[in-house]
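Look for subunit A in each of the two complexes below; its partner is subunit B in the first and subunit C in the second.
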Partner chain A sequence: MKQTMRVVAMVAAMALFVTGAAFSAPAIKVGHLADLTGATGEVGKPYAQGVQDYKDWVNKNGGINGKQIDMPMFDYAYDKNKAVNQYKKYKEDGVVAIQGWGSGDTEALSATTGSDKIPYVSASYSAHLTDPKKAPYNFFCAADYSSALRAGLKYLKDNWKEKRAPKVVFIYPNVPYGIAPIKGGKEYAKEIGFEVLGDENVDLKAIEANSQLLSVKNKAADFAWVGGTTNSTAVILKDAKKLGLKTKFFCNIWGADESTPKLAGGAEEGTLVMAGSTLYGSKVPGMKQLMKITNNKPQVTHYIRGYVSMMVLTEALKIADKKGQLNGPGVKAALESLKNFDTGGLAANKITFTATDHRPFMTTNIMAFEKGKLVLKKTIDLPRKAEWLGL
Partner chain B sequence: MQYCGDFRTTYEKDVKIFQTPFIKICMGFLGVALLALPYLIKGEYLWIALQILIAVIGAVGLNILTGFTGQISLGQGAFLGVGAYTSAYLTAKMGLSFWVGVPAAGLVTAMAGMVFGIPSLRLKGLYLAIATLASQFILEWVFIRWEPVTGGSYGIAVPRPVIGNFTFESDGSYYYIVLAFTVAMTLFATNLIRTKTGRAFMAVRDHYISAEIMGISLYKYRLLSFGISSFYAGVAGALFGHALKFVSSEQFNIGVSIVYLAMIIIGGLGSIIGSIFGAVFMILLPKLLSVATTMISADFPSVTKMVMAFEQGIFGLIIVLFLIFEPDGLAHRWKLIKAYWKLYPFSY
Partner chain C sequence: MTTQYLLQLVISGLVVGSIYAAVALGFTIIYKATRVVNFAQGEFLMVGAYACYAFLVQMRVPFWAALLMTILFAVVMAMTLERLVLRPMIGEPIISIIMVTIGLSLVMRSIVTAVWGNDILVYEPKLFPQETVSIGGVPVSQEFIWCFVLSMVLLAVFSAFFKFSKAGVAMRATAFNQQAAQSMGISVKSIFALSWIISAVVSGIGGVLIGNINGINSSLYHFGLKVFPATILGGLDSILGAALGGLIIGLLENLSDGLCKAYLDLSGVKEVAPYVILVVILMIKPYGLFGTKEIERV
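This part shows the complex of A and B:
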């Protein structure tokens, strides 16, 4: 009797093992480098949360054609060395793609991901990452910094009423992130009839910018581009108000967000922001699901961009899986096959990548601070000019 | 064969690098272990090993300048950058070989180092530190603004070395090139400090007035020290650029200079073995801390955020504690350990 029971138990265990193995498809490994506690943690955290929340939602709703996404987050605290170390680990683990974060890690790993053939979807929107000749495995899901600057200039020029040429200055930190869009932006400004006055450098960690803003005041600039991050932008806006500047400011995507009114204390009124996504709660088809996932708790635009970034990668994973090419080159090809991919209106436009052009779209949502809140003013759609690729 | 005590009856015996057969055997084992390393570890850990080897070159170079000649430098990070950009420009933009690019990087950086070392004739101590700090900022500015050469804010993609049809594409194969450079340059430095030049460096460090009275040209040896140190930094920077396959200005900031200074202080000023210990310690510590904090956060998820945020603080704290309790560096501790085993059980 005992022996019979043993045999039955063994058969049952075998059956469980076999059926279990049959039902659980292997998980898809994806890397995720995030900055939660480093220099850019303030904006890195909501972005990373958006990425992870969308992944969790996919896993709960059938995964990638039945396969779960295995994507634990690694906080590299904006330390490039840590990011490269972790990247090597991801490579060893056999990830098919990586969700990355900032300029430092993206730039440092750009050549390596290219030769390792691992798609790297990040939040560094430097224009040269859109040129597949230079960065074949880099992707992102917002307008590049240069295109966003061009969109801002176009919006200002379109609304310029005076007969004289509008004067513009460029305020940015002397770091690659700050400098990246300046060349292309200046060329475009001259092309559409701006008078370019010159540059001012304000460090990302600046606690005052009086001398630079006095210079802007003396030049009588009508407009000033701010290519810093939230803290330095708040410093600039506060000092500009203190010095009584009449200059209108327009900021890069990381230059201002929903937290700016707190930091700038009212000095942000009227300032424009070149946003790459929609606002939380806006009436677009994709917002319903996003609000459900976030339990109706308002999120900053960075969260929405992280969410969109994972949405796009998920779509590529699905396509690559269907083709039986769930590997780096397969996911890259899938991303490059996306034509007018609809994010439910969460991104500024539908996303299209090609093998020769990794610009997702040329669209920027121009938002303005009005009574302490961001308000969408206009959506600018620029032509996909070949000469702007990578510049 | 050495019996009780440490008898050296000739000058030749006194200046031998490997003093006893036991040390030779140990070094043989170390050599075999280093050669076998790429077969034993891979991925992240192999990359860390590569970083350590490159850091050893940079730290040995800085120790020649700071530890042996007594010239404080806060510009080692920028000099690494000069080397990385030189080799990147020669190999990626001019199409020259890696084998030309890396030595050229050393030479160009040596020249840059000597230019910035000119103030060392008149300045010393903290004043010289600030002068070299200026070189850090000047060079960083050049890296980011001299776009035709450095690629400006975009940086330069750098190829891995090639011999015939073989490309050292994997970290495992590239490791052997870096290992060869590290061993050769470490041995060169060890020999250098035993030559007339090395003695002159130490004389300048210990008492520059006495050195000058003895006929040592302060200007020549201070400048030479800057040149040699920068040559090492240049080679290390070039090797790092080819390892990462990308060179950008953000990789060579003031933080890198400080880490290198910390390496030689923790390892031991005026000691080649100390430079090696310091490089290993400073490269491994962040990883060990990261592993420790991950383990803690796995057991106590509620303190995850706090532990991660404290990682940098713990890193600083360990360095401070190290300096308080081991001010002479790891090399000194190594000497004490060796003496302990040599004299055991009689500590006299």
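This part shows the complex of A and C:
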């Protein structure tokens, strides 16, 4: 009996030791700031879901070299102050990287993440976050706003048949996101032979844009760049149709998506969108796994970009872990070591970061609304010009 | 600048201003009776839009019935809020009641997000025809015309209500002097409840109109803040002021933007001009265009 008890005690002790060891396996701490309920929640929510879904898939499939990713999401509701406070908490928790979201908070935290040496992968695609001299720890996984605008201009100019210079106008909200690509875009427009007509401001919360679009009509603009978000773009497109504008519209990455047709009610037909990813269901190698994860439930392009963003960070975590450098500088170095990282065709191109250039690629998928659906028209790949870095 | 361009700016300004006016009415009615500025006004609007969506799209009720059910929902919601949250605050300092309305706004936003999420929802079928009609050669959306008509009807009905009905006169008396009104047999509690009900109904209808134009999501509450300057401009306690304040802000936005663009090549004036004019008018008339001037003998 004594012998039996001894064996039972030993087995119990062994089990406790083994399970204890399993429980204490170090998880990799990553922060996640998302906007689910704030001003950009309609696009922030699917993006955040993409980030979390990919993380869950990694954790279920071996994690990072056997380690789980511990990445709880915090909904900061697009409130910069909340984002900054939560960032401080993440820093105290010892995160090795952060998945972020909007322009306001990413830019507000840019200097801090740099000095704290915490890589910050976000969905703010402002070009000035791509210059490591100014924003050393910022990364993102789509063409920057300026490059996407340049790609749109190039596509339009390449398809311009008339002998006169095409006329372009810029419509955007007077906020950092809206303003970011305008300088670079205007310079490029002039460079390739556009006549730049000027600017119109349409607020993100606008319910009409008559005065601005009458001005566009009076100027007889051939093309209009729209740098807003889905709601304001729908207002612009509906008013343009109502006023009988002949102008062709092309939108920034957040300006239109799969939800636009139901908002614009047909006025979106022919409008171009500068997309940073592929469409759900497209025939690319990475789509199979994504569709499996989402149970074949169609997702908007923002979801796919969130998914890609976590895929890229996961790869960096794996590299950093293998080198025994699972910390901020180690993850940054790993991200900067990515050369032609293949997302399975989910992003517009393969991703490359270097220590001197954080532009993931210079490629934009030009999509157009045709009969209420987004259709890929062309993929524009611009040269990685040094003078465009940060502009 | 052509006459048609000017006419287009004026018509656009008036139709948008009429929606501002309807929502401003909600602020005014509560302030008029209770002296409380309701910072949950935008949320009342948002909830109205979502309630109509639930009836129209989720329960597949015809529009006229959905609108009636939305009004009924607004009545029940306002009665509940007034009884449970606001009535216990009677007699407390105004600032405390205002803080309660701010708290209420956060709770309402959270509930809406929890129930409907944050996706953009649209009314299907559309409430109003999407085709444009020509007014003096100017194309105008039919949905805007309906908004204008409904807003004007609301303003006319409530102006008449305050002027001619017993309850309206009682509300004015309560606003003027609660103690005197009570001594004349007016139930101040009932008047307060009535003011919250009317305000919720008006805002709910405003929410349906705006949701119809721009889709529905939880950021609709911002509209309450946008309309606040119109309310201040007209005078917080004046129905006529709410109507004119809304129309003036709508006109100013469009005319200032259009004119500055045409003659000075200035953009972005639309967002700023109403506030500039608001400050100027308040410097001349601190109680707004039609607000009651408070005189104290010292």
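Everything that follows uses one rule, which is that the second predicted complex is superposed on the first by the 374 of 391 C-alpha atoms of A that agree within 3 Å, B and C clash if a C-alpha of one lies under 4 Å from a C-alpha of the other, contacts with A are read in each partner's own complex, and residues count from 1 in each chain.
Quick note on the criterion: contacts are C-beta pairs under 8 Å (C-beta built on N, C-alpha and C of every residue); 3 or more make two chains touch, one makes a residue touch a chain.
Note that the structure is predicted; figures quoted are calculated from it, not measured.
With subunit A as the common reference for superposition, the partners subunit B and subunit C occupy clashing space. Touch criterion met: A:Leu36 reaches subunit B and subunit C at once. Of the two partner chains placed by the overlay, neither subunit B nor subunit C lies in contact with A:Lys377. Once the two complexes are overlaid on the shared chain, A:Asn174 sits against subunit B and subunit C alike.
Of the two partner chains placed by the overlay, neither subunit B nor subunit C lies in contact with A:Lys318. When the two complexes are overlaid on their common chain A, residue A:Gln86 makes contact with subunit B while staying clear of subunit C. Legend: residue contacts after superposition of the two complexes on their common chain; A:Glu107 is shown touching subunit B, with no touch to subunit C. Only one of the stretches 203-211, 311-319 or 329-337 belonging to subunit B overlaps subunit C in the superposed arrangement, and that stretch is 311-319. When the two complexes are superposed on chain A, the residues of subunit A that touch both subunit B and subunit C are 36-37, 174.
Those residues of subunit C that touch subunit A in the shared complex are 5, 8-9, 12, 16, 19, 109-110, 113, 117-120, 122, 124, 126, 130, 132, 139-141, 144, 210, 213-215, 217-219, 222-223, 226, 253-255, 257-258, 261-262, 265, 267-268, 270-271.
Subunit A meets subunit B in the complex at residues 36-37, 75, 77, 79-82, 84-86, 88-89, 91-93, 103-104, 107-112, 114-115, 126, 128, 134, 174-180.
Put simply, subunit A touches subunit C in their complex at residues 36-39, 41-42, 44-45, 174, 198-201, 203, 205, 207-208, 210-212, 214-215, 218, 230-231, 234-235, 238, 242-244, 259, 262-263, 265-266.
Residue ranges on subunit B touching subunit A, taken from their complex, read 42-44, 46-48, 51, 141, 144, 152-155, 157-158, 169, 171, 244-246, 248-251, 286-287, 290, 305, 308-309, 311-312.
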